Every structure is written in C-alpha cells, then in structure tokens.
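Residue numbering begins at 1 within each chain, and the chains themselves are lettered A, B, C, D and E in the order written.
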Amino acid sequence: MKKNPIWKFVNGIGMLLLICIFAMPFVWMISTSFKTLGETMTFPPKWIPNQLLWENFSKAWNSGPFLKYLMNSTIVSVGILILQFATIIPAAYAFARYRFKGSNFFFGVTMVTLMIPSQLIFLPVFLQMSSWGLLDTLWALILPFASSAFGIFLLRQSFKQVPEELLEAARLDQASEWKIIMKIMVPMAKPVLITFGMFSFIAHWNDYFWPLVMTTTDASRTLPLGITKLREVDGGVAWNILMAGNLILVIPILFIFFFAQRQIIRAFVYTGVK
Amino acid sequence: MAEIRLVNIVKKFDEDTVVNNLNLTIEDGSFTVIVGPSGCGKSTTLRMIAGLETPTSGEIWIGDDCVTNLEPGKRNIAMVFQNYALYPTMTVRKNIEFGLVNKKVPKAERESLIQEISDIVGLTDHLDKKPHQLSGGQRQRVALARAMVKKPKVFILDEPLSNLDAKLRGQMRRELIQLHKRLGTTFVYVTHDQVEAMSMGDQIILLDKGVTQQMDSPMNMYHDPNNVFTAEFIGTPPMNILDRVHLNTVLPTLFENVKYVGFKPEHAEIIGETEERRTDHVVLQSEILTTETLGAETIYTVSNVAGMMNVKSFDNRIMESNVVQIAIPYEKLYFFDEQKERIRFSEKDSAVSQQPKPVIVGGV
Amino acid sequence: MAEIRLVNIVKKFDEDTVVNNLNLTIEDGSFTVIVGPSGCGKSTTLRMIAGLETPTSGEIWIGDDCVTNLEPGKRNIAMVFQNYALYPTMTVRKNIEFGLVNKKVPKAERESLIQEISDIVGLTDHLDKKPHQLSGGQRQRVALARAMVKKPKVFILDEPLSNLDAKLRGQMRRELIQLHKRLGTTFVYVTHDQVEAMSMGDQIILLDKGVTQQMDSPMNMYHDPNNVFTAEFIGTPPMNILDRVHLNTVLPTLFENVKYVGFKPEHAEIIGETEERRTDHVVLQSEILTTETLGAETIYTVSNVAGMMNVKSFDNRIMESNVVQIAIPYEKLYFFDEQKERIRFSEKDSAVSQQPKPVIVGGV
Amino acid sequence: NNQEGTGAKNNKASADSGRTEITYWYAYGDKIGENNENLVKMFNDSQDKVLVKAEFQGGYGDLHSKTQAAFAAKNAPEVTLNEIASMGVFARSGMTENLTPFIENDSDVNLEDFNPGLMGNSYVDGNIYGLPYLRSTPILYMNVSMLKEAGLDPAGPKNWKEFEKYLRALTVEGKSVGMSMPVSIWYFEAFVGAGGGDMLAAGDSEVTFNGTAGVEALEFWKHLAEEGILKILSGDEAAAQATQDFANGRSAMMFTSTANLTHNLAIAEENGFELNTAFMPSNKISGVPTGGANLVMTAGLSHEKQQAAWEFIKWMTAKEQTIYASKYTGYLPSRLSAIDSEEMQSLYKKIPQYKVAVDQLQYGKARPMAQAYPEISTILADEITRSLLEPDLSPKEALDKAAKLANPLLQ
Amino acid sequence: MTLANSNEMINRKREPSALSALNWVAVRPYMMVFPAIIVFTLFFLYPIGYMIYLSFFDWNFVSPDKDYVGFSNFTALLQDAKFQQVLRNTFVYSFATVSLTISISLLLALWLNKKGAMYGFVQGAIFSPHIISLVSISMLWIWIMDTDYGLLNWFLNLFGISNIPWLTNPKTSLLSLIIVAVWKGIGYYTLIFIAGLQSIPKDIYEAAALDDTSKVRTFFKLTLPMLSPTLFFLTIIGLIGSFQVFETISIMTKGGPINSTNTIVYYIYENGFRFFKIGYASTAGVILLFIVGVFTILYFKLLSRKVHYQS
C-alpha cells in the first residue's frame, strides 16, 4: 500500500533481472547472428560483435529454397488454422449446447486425443498418407491437425458461459443455428479464438518433428526444417548462420505475439479455464 | 387479433411438474402481469408462450392459430429478458437490426425503422455504443427497442426491471405503462414483485406452484383476495393472517368453518394503551417491535397474543410507549376456511354479527 | 465509546475529487444511514472509515483514537459487503470462524461463539454448506454472522440488501433493525434507496457528489428538507418541485427570492373537474397520464401547466375522467431559492399570505 | 507390408519424359549438400536416359528412419546412402539390393580401383550392397603453434606412448589441456583396433570389446583422464565442444573426421594458429575405423529402375566424381586412381594435411555392421562414460557390463 | 402492412415439413461434431489402435513377417533396467518441471499482477520464450549451457562458481533439461495465473483485511483455494505436456549422457527408428498412454470435483 522507495528499487531490480533471464537468450541469439564464425567461439563471450555481418542472413536464406519454406510454413500454419476453426467451432458448440446421445462418448474421444504425442502415432499416419498418395505434400502436414482437441476443450468452456437467454433472444429474432454461432457465439468467444489461434499457429509454425517425418523433398518442407539443415552439417556448426536462420524463423511469430498479447489474458479471464 | 389462450397446459421437467393444467386467456391489447413467488413457473409459462419451451401437453393459441409446435422465430412474439440478453459484441444499432436482417427486411426500411424506434426510446445518441458502455436503464431500453422494432403481435417481458435500482425501476415502470398505451399491443409481463404487478397490470394472474391462484384486476386482487395465498402475497406489507384459535377470546362466536382471520395493515388503528375500548373493533393489546418510517406512512411491527403483525399508519405521531392497543373494525376482517380459501358471507359482517361485545385479550 | 468522526476528509482518485471536505459525526450506538445517488461517494466514505482506502487529507476518529492510518484489521470494525464477499471456498462455519482464528481466539471459545451467532441469525442448519449452496438471504446472514462474531465496535454495511428481491429485502430490513436494537452497537449503513434509508436509520446522511446535503432524522428529512436535492430524493414518489414561473398566474404574489415551489404528492388532492374552487389551495387543472394502484394507495402521474407531477391518494375511487383538478393547500407548500436552498418563513404561510384569492389556471 | 513392386508413384513419373526418373536421398547440408546437388545436376546433364532427383533428408539418423518408413510405405527412393555401420541392417532386412550381379555384369567397374581400406563395409554376408561414396576416417588434429611452444615435433605422436608424452607437455594448468575428446565409439574403435582387437566377433555372434584390446584402450583413456591431460567430453554436443576447445587454444589436439578439415582450417586461420594433421596414434598395430556412407540401391525395383539406379551409382563413384567430391567436401577419395590423379596430388601438395587421412587408409578397417550395433553403441558409450566419470568403476567391469547387456541383442 | 406480408411469404417458403425438421434437429449435433471426430479417428484413434496391435508383435517394420509374441514385449520392457530408468527419468522430469514451473510462476504472478506499462512489458518478456520453436530454444540452450563456453557458466563464474558440466554430466543433465522446460513454460503459466488472480473478486481480500488476516494466511487460505481450478488445469496440462517431451532431448542430449535424460517418448522414437524394434516401441507407447490416461481420468473424475468450489 505504501510506496517505500527501497521497495520500489528492489522491485525495479527484480523486474530487470526477470527481463534479463528471459530476454537475454534472444539478445544472445541476435548478437550471435551477426558474428563471424571465429567470434562465436571466443571466450569469454562477446556481447557486441566487431562488425554486423549481415551476410549471415543471406547465407542462411540462401542455404536452401527459403522462400519456398516460408510459403510452405505459411500455407501449413494458416491452412491448419482455418480447418481447425472450421471443425472446432461447430463441435465445441454442439458439445456446449446440445444434449445428444453419445455426446459424452464423443467428448471423451476428443479428450483422449489431447494426450497423444505425435511421436507415438506418426508411423501409421505415415503409411496412410502414403497409401493416399499424400506423402510429401502439404496435405500430409495439414490434415492430421485439421481439428484440435485442446481447441474444442477451450472453446466449449467459453461457449458454455454464454447465457442461454442470448441464444433464445436470437431464436426469437428468427436466427438460424448457424447464424447464432457465427454472429453471437464466435464474436463472444473472440479472445479465446484469438488465443487459441495464436497458440496453434505458433505450434505449427515451429513444428519440427511432423514435417521432418512427412516430407521428403524441399517442395513441401517448412522453415524449421530449413533451419535445422544448417545444423546438419558433418563437422563444425556455423553458429552464426544457424542463429541468423533461427531469427528468420522467430520474427514472424514475434510479430503476431505482440499483436495478440492483450487478448491472451482476457481470454483466460473470460473462460476462467477450469 | 392476438389474444393468447393456454389450454390445459402441463409442463414437466423430467418428473417435476412445473406447470399443472394451466388455463389462461390473455386478452388482446391487455397488459397482463403474471406474478408469483420465485420458482412458481412464471418464466416457464412465458417461455412456452414464446416457444422456447414445448409444453408436455395442452395447447397454446395466439389469435386464431394454434402455435404449440411453431418455432419461436415464427410466432411474431418479442421478448425482453430479465438481464436483457443484449448481444454484447454488437452495437446498439446492430442489436436492434439483428432480427430485421434475419427477416430479410431491406436495408433502407431497416434504417428508417431503427431511426423511428430509437427516437421513441431515446437512444438515438447511443446507437453506435456497445451494451457494456450503457447504463442499466439504457440497456433496458435497447432490449425494448429490439423487441419493438419487430412490431410483434405480443410483447413478453420476463422481470425486465429486477436488475434496476429502486429509482430507475419506478421510472421505467411508468415508461412501460405509457409504452403499452401508445402501442396498444398485448403485453405479458412477469414479475415476482407484487408492487410492480399491482401498479402495472390491467389484469394480474397470480401463480403458485404452477397453479393459478387468482386472475383478476389489481383492485380486486387487493380488496377481494380469493384465498390466503393471494392475501399474503399482495400489499406492502401484506394482509395479516391470524389463526382463529388465538382469537377465540376476542372473537369467540365465529362460524365453525372459519379457520383464519385476516386484516390489512392499514385497516388497523393504533390507540394508546389507556384509550377506551371500541365496540365494533377487534382490539389487541400489543408491543411495538419495530417502527419503519416511510415518510407519509409508518409501518409498525407489533407482537401480541395472536403473533407478529404489521400495522400501517398514515399519521406520523410519535408513540410515547411501546405498549399499545391495535383496533381493527369488524367490517374490515377477512375470513378463510381450512383450505385457506376465502369465505364470503352473503351479508357483510355476518361472520361476527352474533358477537355481542368485543373482548380485549390481556397480556402481551 | 465508538463515536465516529470524519474531519475535513478529502478523497481524490487521481485528479477526481470524490469526497470533498466531508465532516461527519456518527453517534455511538446510532443506526446511521448514508444515502445518496449512485456514484456520490458513499462507498468511498465507508471504505475510508473501514480503512480500505486512505483519505487524501483529513482525519478519521473512532472514539478517542485517530485511526486515519491504522490498518483495517486493527480498527475493530466489521463490514458487510454489497455482494457479501463470502469466502467461496470455505464452509459457512469457516467463514464465520476466519476472523476469530486470526485473532487467536481459542478453539473452544470459537465454537461457542459460532454456535451463539448462528443461532441468532438462524444458520445453525447450514454451517457445513458452502456459500454457493445458499440462497441470497442465507448468504446475507452469513455475511452478518461473520461481522457479528467479531463483536466489533462499529458495523459497516454497504448496500447489503441490494441483491435481494423485494420480499426478502423487506424481511431483512426488519431483521437488521432488530439486530441493531439488540446489539446496541454503532451501525453505519449505506444505500442508495431512500425507502431503505427512511425506514432503517435513526440518523440519515444524504450525500451528493461527495458533499453532505443534509444530516438529520428521517422525519425531519422527510418533512423539513433543507434543499431541493433532499426534497427530490426522499419520498415515494418524492416531492414535486415546480418552477415558480409556471405558477405566476396561480401564485402571482410570491416573494421575489422564491424560485421553486414544492409540494408532496400526498398533500395534493384530486377533485373532479367540475368541483368547486377552493380558496386556500393552489388548484391546477390536469390530465391524468398513468395510474399506479398499489392497494392502499394510488399514484397518479398528471400533467398540467407546470409540467408533470405525482399525486398520491389513499382513497381508491375510480376516476370517471382523465381530466381533473388537483388542489394543494397553501400551508403544505415548500419554497426554495435560486440555489435550490430552502427558504423558511418565520411565520407559517407568510410567503403566500398576501395572496388574496387563488386563481385556477386553465388548459392542460 | 510386403514389397511386391515398387512405389507406384515413381513408375508413373517415368512414363512421360522418356527418361527414367529416380530419386536419391542424401544426408547433411552445407558443403556436403551442395556437393550432392552439384553432382546430381552434372549427372543429369551428362546423359539423357536417367533423371535423378536429389533430396536432403537430415542427418544420417533421420535419413535412415525416413528411408525405412518410406520403404514400408512402398515409397522409398531408388538410391540412398547408408551410414556404413548400418549397411548390415538394411541389407539383411531386405531393404537394399545386392549389387554384386550389377558389378559382375558391368565391365566398366573395376573393383580393384576402390581403396581396400574403405571396402570393408560394402560387403554383407559376402555380397556387395553398396559402394563407398563420402568416406572418412578419424585423424589427429594438432595446433602446431602450441606444439612448437612446448618444444614438440609438429609431425605429431606416433604411438600411445608419444601421445601421452605430447598430452602431458601440452597441458598447462588452468590454461590448456592436451586434448579434449568426446566419448565416441568411433574413436574407441580406433583405439581397440590399435590394440589389435575387434568390437564384435566374426559372424557378429558376440561382442569382443571387453577383450584385452578393449580393456587396455579404456584403461589408457581412463589413465589419461585421471592425469588431467585428456579432457573427456560426454553428451550430444561433445564433438562441437571439442572443436571449440581446439579453436580457442584450450586444447592443443583433437580427434575428428577428415571431413572436418576444411572447416577446421578456416577456424585455425581466423584464430591465428597453424594446424597440422597426423595418424591416429598406434599401439601394437595401426588400425583405424572408417566412417561416412555408402551409396546403396533400394530392393525390389523394376528392371528399368534398377538399371537407372545402377547407372547413377556407378557414375557417382567413378574417378572424376570421386575427385570432385573429395575436393569439395574434404572427404576421402575412395578410388586409388583418384588419389593418384594429378588434381588430387596437386591439392595434397598445396594442403598436405589432406593427405594424412588418405595415407592412413592403408590401416582402414570395416565398422561392425550388426543390426543391433547402433543400440550396442549407445550401451557401450554409456558404460564407457560411466567408467570415466566414476573413479571406482574399473574399465574391465564397465566393459563386461556393457557386454552383458549387448550380447543378448546379437541373438 | 407490407412488411408483415413479405415475412409471411418467406416463412411459408422456408418452412420444412414437420418430419424432416425433426430429423434435422436430431441429426444436427452429429453433423457438427463429425468433422472433428473424423479427423481424430483417422489421425489419432486409428494409429493408437494400430500401436496397441503392434505391441503384441516383434517386428522390424520392413520385413514382411510380424511375429506374434503375446505379452512378452510388456514383460521384457518392464524388466528392462534401461526402461526402468527411462520411466524414472520421465517421472522426475515431469514432476520437477511441473512443480517448479507452477510454484515459480505462481510467485511471479503474485508479483506481476499489477497494472502499468512496465508490468505488461515484463509479462510479455517472460512469455516470449513460449513463442519460439523448441528447436531454436534447444540450440540456444546447448550453447548457453556449454561447460566451457556457455553463457551460464560464464555468468556463474562472475560469482565465483566454477564451471558446471550442465549437459555433459549425468548428474546435471536432467536438471539442465528441466531448467530449459521451466524457463520456457514460466511465462505461459504466469499469464494464466494472472488471469486466474484477476478473476478473484477484490472484496474478499478486503473482507480478509478487515478480519486482520496476515499476508501469508491470506495467500494460503484465500488466494490458493481460489486459484485451485487454474492450478489443477495447469498441473494436468503440464504433466501431459511434459510426459511428451521430445524435441529438447532429441536436440540437446539424445537421451545421454549414460541414459540420464532418456524419457519415454524419446525412448520410443529411439527404439522404433534407430534400433528398429517396433514392437518394443509400441509397447512403451501403450505404457505411456496408460500413464497419461490415468492422470487425465484423475483430473476429470476426482480432482475436478473437489477443486471446483462453484456449481
């Protein structure tokens, strides 16, 4: 309650320390991405490189068809997002608002999905994709994630909190169920959708394992694979170029995050994730 | 014509009978208030009329159409919900417009309708705000506007004022009465507040446990209750109902079938302890427990041989002592039988006419 | 002794002055009600007394101690919050016990205190339930019990009844009055409902925009308002305040400094259109707009040359026509100056005494 | 899950252009990746019968996993790489094609020309399943500047004894250590080989690394580590760390693949010291494992595809391409004729460090190719690390324990 | 009124026959959940079934024959000392990660749950690791945790602490992975805790202040119970997530040194795709599924009932 100057000082120092602990690695990443190979190996570490070696970025960029990777990453992440929205919104609505035979069973199925790591199931999926001729296409990266159990769970929670009267008011206004979903439920769940969308986008943008398994050619590879290619060299690792590549991977996400940060807290306050 | 008739309506939730063989007629153009204690089935009845619930059995007619199984959107009914149920993500304009868009009303017509209605309810300046930016009274008006713009045959209002504070409630009450007058449409209004019911309705339907207790004009409801339930529900404070056995000394010669005797708080008079006895009154020696001064009137809670009761007095003199006598004229007594049904005697006061002299019961 | 004194209290939020140089004395053992419109600073004042806010300047005294900077827990004050602020994760018993444990009251003593208090408020059967399992009224009682068990010097209650429905509100109101009588402790009660204020308080403090408008007994508040604000705030419906200019034809000879004239709705009488003129009355030809029948009384909203006004009548006869005359006795008029302050004339009726004959204004 | 016919996709693709299309999967990016891509392009330009599509697939581990999965899905590339220790697994599980008939029926191929030191892993059960492509061997890298400072011969140590002497001389308390060495089975194989031992018994019936040669090797390591003159590194990043130590002058020597020579020369230059290379130190005899990958053909291809794949493999391992790849990546030239070529010789003259590995190949040994060897390697590496970290755990005990765990895997 | 007329026309046209309307209402929920359920069935349930099936076979995944071996994979696996260590690692990792993350982020949330640009910035900063791919994070931390050249030891040296062989010593390697996981997770958890704190009504704190409650008691008796739904949501999500850890191990340690960081998913991957023991890997998968399933059921059935103090 009282603003003691000493407390204020300690508080400030503490926050600074926090920022250091959590942001320092990025500063390090940025710094390294501008260094020469020799500088990356010096000890004690150098914070500021002697000169800004911009060519690390072009080297990273040119180490593979990065434009293609970037496009693939975008198509996959956005495609997944669109499909997820298309599947989780109606499902969450049905789970939240209808009572129907088997709803518990279906919801159970959904929850089971939540606990399965992709490392466990990729082989059968791989064989299936192959038999459908979808291997090494973007479809193989998109389809398995066309829905999200976590998304359904979150969204159902937030749909449940929409008061019943609102739906009734809409029904009296002669709105179809579809219209109710799109015009009333979805706008009300917007913070949750944005948050979920952001997490989903981040997860798939950054995903390494699935594309690694499902793609065999550059035509369908995504950015994280392009980046690790920089590391898969038999011999010494060029950390400077690797970090430059990682920075290329991170920047779009950073951008999205600062756009969506406000929504996240709100989303959790609203749904009261419980 | 938009007369609403409920014929033998029964509504069960699982095994719970919430509405039991209800028969109602709500006249076209009337302002009908459904009133009753919490949980008595008011909302359920309303929701069946609106089509938001389907009755277990029975029929609902609006005008000449049997609407029992018609979708809510098709009944030409507008509803105002207790907490307004405004669409929180839409502006006031969009809220009002939503139903019109669904009905495929052309844009130009929508515009002019919105203009017209928002003028009426005084929202013109707020059309581009969202509900959370509005005060309680303004929200209420948006809910009304949204209902009105559809030009429905019937307005249904489920406790629309219960979220407002006393002052605003009084004001909105008057506005609603005037609105009804202006539109001339049927209003069905639900409340559990009898003051609201009394002050607003042309016709009051009093429900208890899904059964109609009385369907009457406010004045009759007040002055001529059919049973103890009505008598105890209507009035601030409501009628005092005394068990006959406590009155045996004061009114020993009542008819056998009279089980309860009631009187209205304002019909009792407080007379000083020492004041002389009155002959045509029941007089009870009492102790004043609390005094609520409401300005023009004062309500005393008193305790006496027959229990606790309220007395309402319009003169504001200060009592010198807590021990007083209260006097109720015989002619103002109401009588009820064992089933708590009103006993009406053909001739006034006949129930106590045989009583030669009143007796004051001693002690408190 | 637990007299509470606020001395030159100022409270600002950022640049917003919410309470402006407030001086108050709340007498020991009194039931003081702070009343005023929403946002006037009632809660802020209360919270400063409780120690939940620190005043920007000024001093707060409880008894002989200056508590301005004392922690809330050390002030020996108990507070009942508007939405009760019960600890939702604890049972009723734990809720009541919580403060005692903090005070290190021994277990056996706690047990007996809880027993005693829960008996008083009638919660004995619910001690092991959690708040969400209780009804509104029961929760309210838990909040009270939690406050009472600490045996505080002062009870502070911030709109404790506003979440209850009308019926329960009435009942709880009476229970609180009785509780105050029994305990004899200082009660500071906040409400924005003047009916509540009138019916409960020994002393009423009327605030507006952080400034005291009047501090008085309920009866004085009602019959002898200091200014237009008080007059318009108290009473259901409140006093009608008319601008003098509209009355020039009816009351042409008023003193210059009188700017507003007021009368209470219950002091006006409705007389048929054709009834004879009265000499010692202001008579206004009016049209009845709405009629609210409340049982014992009826409130008419009428419109006439001086605007809209309310008339309260205790006889329930039905009007044959909407066009009536209302008559207000001169002696029941109140006068206010340009600053809306009351003008009290030394001799009764002197303001209109020079008036030889009343004039009826025509037209509606 | 049986292998009748090949991937439908590939057959279809070949129909239209007139050229037989085949896919080739390779591992690693950077220089190695470029080398692969360049060679494939050259091959495609050099003829008009076969069209090869080259695809990067990660490290050797990823490449292997994906090849298997693709094979199970009947989608495998026609040509791929097998890390040499995995030759056996792929061949024995029927994933790769026996190349012997192709070699026998093809007069262009002279098996004699392949460096015999590199051929050990080409044979599985007497048949050839792959031809050496990008191959390496561990060699000793030395910081000559530090060697000179310590008054040592820049030519490097010959045997274990000299090796120990070097280490001791190069260790300066608090400043530098003789060598940083990751616990790597590859180097362990070199030390066991130098002691005249083998990792597995003939026929892969049981492990023999807990024999005298093995125990001696580990005892030597442990002794050096305890002296503080050999810094043992463990974990996945050990190799990178060793490089870093070396680059910074914190260690004077290191073992690593010939393939890293280019990279390390660059680092030495940037950090201003002179770099030399030498044989792995010998003990009783000289014997070094080789590393890298062989080119293999997937099993079950159509005749047409087989021919195309064979053409490609043959071309890739031909003299000119061997020279190209070796110069581009620093890997060993696998053909004797390539070594003798003028181009290579002039390179060796210019950068003599390259030659060391080639010369060392005369002692080259095959790596074990048992199916369980990858798993055995992990087990062994764990136990070796444990023995080096825990003073009380004797090398013999540790190796016996590893043997006990590993032997069942061989059955 | 023309408006009313046109409406009636539209109504009549759109009105479906009673029967089909009824059917549609009954079918509608299924139509709504089916797209999602189909995705789950094809890409999660079927593979799981297949995995369970494979756990009864000995198979190297390319050879045409699968040998049916009954439960012997299970018995072998459960007796395998390495697998036992893997399970132990997994549990240590999961419980340490979750409990550390939760307790630290709860403290941070209490501290940072204030208004002001600075606090918002710090919240954003500590959340930022969550948005970066695990691959990048792993590479970054390999380097930070390098024994001789790493930032972390360099920093500790400033305080006179000698080099710690973070990733290269079996004693500290698992701890290192835990540190990375905690570092990455704290921001996300803190944000959710802050949201949870903000939904606690202020007035109960005021009530507690009037009850003369100490800070510590307020925290344990009010804040913590009020946060319990959030707490358990995070616990279960955290546990499930940490049971599935893969990337950091695959990139930072490959399960080593001496198997000290090998956890179950990595073990499955290693056995299936490095050692070609599909049956064994599938069996481990079934065991993982079982463990995660137990925790999930525990959450949904038991704890949620106790924890949710409302309705």
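Everything below uses one rule, namely that a contact is a pair of C-beta atoms (placed from the backbone, for glycine too) under 8 Å apart; a residue touches a chain by one contact, two chains touch by 3 or more.
The chain list, named the UniProt way, goes like this: A = Carbohydrate ABC transporter permease; B, C = ABC transporter ATP-binding protein; E = Sugar ABC transporter permease.
Bear in mind the structure is a predicted one, so any value in this text is a computation, not a measurement.
Participant: Moving only to chains each one touches, count the minimum steps from chain D until you reach chain E.
Facilitator: The least step count works out to 1.
Participant: State the pair of chains with the top count of C-beta pairs in contact.
Facilitator: Looking across every pairing, the one with the most contacts is A-E.
Participant: Starting from the mean Cα coordinates of chain C and chain D, work out the distance between those two points in Å.
Facilitator: Distance between chain centres: 92 Å.
Participant: Can you compute the centre-to-centre distance for chain B and chain C, using the mean CA position of each chain? Integer Å is fine.
Facilitator: Spacing between the chain centres: roughly 25 Å.
Participant: Centroid of chain A to centroid of chain C, CA atoms only: how many Å?
Facilitator: For chain A versus chain C, the centre distance works out to 56 Å.
Participant: How many angstrom lie between the CA centroids of chain A and chain E, rounded to a whole number?
Facilitator: So the centre of chain A lies 14 Å away from the centre of chain E.
Participant: Find every residue in chain E that makes contact with two or more other chains and list them.
Facilitator: Within chain E, the residues that touch at least two other chains are 61, 148-149.
Participant: Could you tell me which residues belong to chain B and also touch two or more other chains?
Facilitator: 74, 103
Participant: Which positions in chain A are in touch with at least two other chains?
Facilitator: As it turns out, chain A has residues touching two or more other chains at 41, 43, 123, 228.
Participant: For chain E, which residues are in contact with chain D within the complex?
Facilitator: Residues 60-64, 66, 142, 146-149, 167-170, 173, 251-259, 273-276 of chain E touch chain D in their complex.
Participant: Within the complex, which stretch of chain E touches chain A?
Facilitator: Its residues touching chain A are 26, 28-33, 35-37, 39-48, 50-51, 61, 108, 111, 118-119, 121-137, 139-141, 143-144, 148-149, 151, 154, 183, 186-187, 191-192, 194-196, 198-199, 229-230, 233, 240, 243-244, 246-247, 265, 268-269, 272, 278, 285, 288-289, 292-293, 296, 300, 308.
Participant: Which of the residues in chain A end up touching chain E in this complex?
Facilitator: Listed in rising order, the residues of chain A that touch chain E are 14-15, 18-19, 21-26, 28-29, 41, 43-45, 86-88, 90-91, 93-95, 98, 100, 102-103, 106, 109-117, 119-125, 128, 143-147, 149, 152, 177, 202, 205-209, 224, 227-228, 231, 239, 242-243, 246, 249-250, 253-254, 257-258, 261, 264-269, 272-274.
Participant: Within their complex, state which residues of chain D touch chain A.
Facilitator: These residues of chain D touch chain A: 9, 23, 25, 27-33, 53, 55-59, 62, 65-66, 69-70, 72-75, 77, 240, 243-244, 247-248, 250, 256-257, 259-260, 262-264, 266-267, 270-271.
Participant: Considering the complex alone, what residue numbers of chain C touch chain E?
Facilitator: Going through chain C, the ones touching chain E are 47, 50-52, 71-75, 77-79, 81-83, 85-90, 98-99, 102-103, 130, 132, 146, 150.
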